[in-house]
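Labels A, B and C are assigned to the chains in the order they are written; within every chain, residues are numbered from 1.
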Amino acid sequence: MDRRREALVGFVVLLGIAVAVVGTIWLQGGWRRSMVELTAASASVGQLVPGASVRFRGVAVGRVEEVRLAPGGDAVLVDLSVDPGLALPENAAVLVAPESLFGDWQAEILNRADFPQGEFLDYPQEGVLPGTALPDFSRLTATADEIARNLTVISERFEIAFTEETALNLKNAIDNIGEISNGLNEMIAQQAERFEDLSRGVNASAEELGAAARSARISFERVDSMIAGFDVGGIMANAEASAENVRALTEDMNASLEEIRSAAATADSAFGRFNALMASAEDGDGSLGRLLGDPALADNAAEAIEQMRALLADIQENPKKYLSLSIF
Amino acid sequence: MGIHLREVRKSFGPRDVLRGFTLRVTDGETAAIVGPSGSGKSVLLKHVVGLLTPDSGSVTVDGAAVPELKGRALVRLRRRIGYVFQFAALFDSMTVAENVGMGLRRMPGWDRRRIRARTEDCLALVELAGMGDRYPAQLSGGQRKRAGLARAIAPSPRYLLYDEPTTGLDPVTTAVIDRLILRMRDELGVTGLVVTHDMTSAFRVADRITMLHEGKARFTGTPAEVRAAADPVLRGFVEGNPDLYFGAGRARSEDRAER
Amino acid sequence: MIESVLRPFSTLGVRFLALLEELGRAATLFAAAFRSLRNAGVWFPNLLPEMARIGVASVPIALFIATFTGIVMSLQASYTLTGAIPVYFVGTLVGKTMILELGPVLTALTLAGRVGANISAELGTMRVTEQVDALETLAYDPLAYLVVPRILAAVLMFPIVVLLAMTIGIASGWVTALQLLDMSSPEFVKGLRLFFDPWDVWFAVIKSVSFGAIVTGVGCYCGLRTEGGAEGVGRSATRTVVVASMLILCLDAFWAAVLL
């Protein structure tokens, strides 16, 4: 057997094996330097597979070696091999997330504080990093889809409720409020006047009463000198006390009148502001104004309000139905 | 000891080739089996080396039942038997010398030098000295037959089986081959079994001739007895007279059909 | 009447029995060949020449096919992957298909023609010219001398040829991506590495080993069963290619179902 053929066979065999070995190692992502092994625990890992890259601050620092269930099956343990030069951050944790929309998942090493919204799983074993996985992209799409559907329902309801009639009723209602507040103003003004007259009358009669009491005293003193032994002093003291009481009453009434007047003034200014708002609304300034000024939308405002109230009640009753809204 | 076939039957599918053939070849003689092409002569030879096993009957060589031999025993038997194939059956991918040395290579005690020496001797014996480096395709028909013979005799067998050794050769080459067969018997003391349809050759080389007809030994005798035989089938075959041969054969078949 | 109704059934039955018989013969042959492994002295000297003939000599054709497969894969991948799918997926597709499927299967199908037919014709010729019988009369076990080294050589060399073909196929796909598709090397390599799993290479090796055994096994079987001169040799060669190709594809599906 000639040597050249033997050599050729040997060469081809070695070449094939070498190509396979070098190619495999290269495709796996380079020569395996001496790597440091890390383990992270997570409730789930999405589509993380062995061979996926491990990143730190966006830089690839290693690869996922193995993904396995923890004994008992209540967690997933992910073995990572990372560059020995890597200094782990404080509160190191592992975030498993898709790198792009197309399947490649990665494990990212980060400070736990950098991703506070993550529910990291603390595995009761020394040296195992806490980890969490972002929801799978498909799950996000599902949620987004539900939200979109809810938004559609709401906007549909709103459209049904907010017709021209609604707007008109709303306008009437606001007009009514204006009228009422005007009436109320007037009423308060009248009442205040009446109170003033009353107190003025009371004051005058109290003074008159005082004068009468004084003149009565004088006359009584004269009568006293005339009729000795007659207990005129007691009668006078009583009269004086009653006059005192009346005065106090008058003062109280005056004080309370002040309070009523200031309350009325406050209410008045409030209603005034409301009126001004309404006026400007009717002028067509601002978005609400435009809404109300448009006759096409002015229908059924009351009904719209009712519908919205029903919707709010529905939300309060079945919060779960609308809960997903909170995600956005 | 010799070669002994007794009541050998063999059929391939619906075709009965041997229907109870009996033959004894004693040591030192050369026997010839004659018969027309397709009469099962080669099949007979293949039974002797265990290439085929009989459906019934026995085949013994040196007292050993060939169909029952396995493994080493079969190897030992085959080393005692040389087989010269009809078309030489040389291995195309090897030179003539390699072909001749083939049977020696796996025998214990044979190194490369000894094999080469023996190969040259054998080639010289068949008058092919110096042709060892050629490939079979470069040889003529007669040369190939002789190379095949050299290959068969290289392991010094006690028995040589010749399958149509002279078929397709010119008369001179036929004579050369016949002389070789005789030399094997006379110089090497080899027991020979020649299968042929060439009566000239058979008369020249055989001590005894057996006629194979319809799967049976129809006639056995020395060349002189064959020449003198009155059997129409044998005479038809020997003389090359189809009327005689087939007429008798047909009469015989009809005979059997009636019976 | 009944005859004509029954004929299709009986034909089917005969065919089925013939198939079973054939399977049985093949199984017997391979069992015997397996036993002949003991005769290392017989087959070992033939192993290296067969490795050269079956393996080394098949490298050029395998590489040729792999080269063009790689080019076509790359172009078709970029044609198919449009829109939202990132361009580096061309690398993924070329790598995955070359390693998992096209490398082993196309190579095996090619070699079914090149090696299988060759073996079948060679052994067939040896059979009809009585060279196989001659081997036996020279006290050689033809299975150990002819069948074992061929099957072993194929089992050893097919994976090597396939590995080389895969490499060249991926390389040609890469070059195509760079030259014709305006991709960059990092993009292609990113795609190539994206879903790479060393197990894929093992899968390809396992497949190639079985394909090697199938191609040479069928070649040997058909070759040794040859009857009827030159025409029979031609028939055997054709049969080898057809049967081996079919078995390769069946086995391919089998491995995919079992190993993936």
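Here is the rule we go by: a residue touches a chain if its C-beta (ideal position, glycine included) is under 8 Å from a C-beta of that chain, and two chains touch if they have at least 3 such contacts.
The model shown is predicted, which means the values in this text are computed figures rather than measured ones.
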Arrangement of touching chains [line / ring / star / complete / other]: line
Check B-C against A-C and say which one is joined by more contacting C-beta pairs. A-C
How big is the gap, in whole Å, between where the Cα atoms of chain A centre and where those of chain B centre? 110
Using mean C-alpha positions as chain centres, tell me how far chain B is from chain C in Å, no decimals. 42
Which whole number of Å gives the spacing of the CA centres of chain A and chain C? 70
Any idea which chain A residues touch chain C in the complex? 1, 5-6, 8-9, 12-13, 15-17, 19-20, 23-24, 27-29, 51, 100-104
Can you tell me which positions in chain C touch chain A when the two form their complex? 45, 48-49, 51-52, 55-56, 59, 84-86, 89, 95, 156-157, 159-161, 163-164, 166-167, 192-198, 201, 205
The residues of chain B that touch chain C in their complex are 46, 49-51, 74-75, 78-79, 81-83, 85-87, 89-92, 102-103, 106, 151-152, 155
The residues of chain C that touch chain B in their complex are 41-42, 125-126, 129-131, 133-140
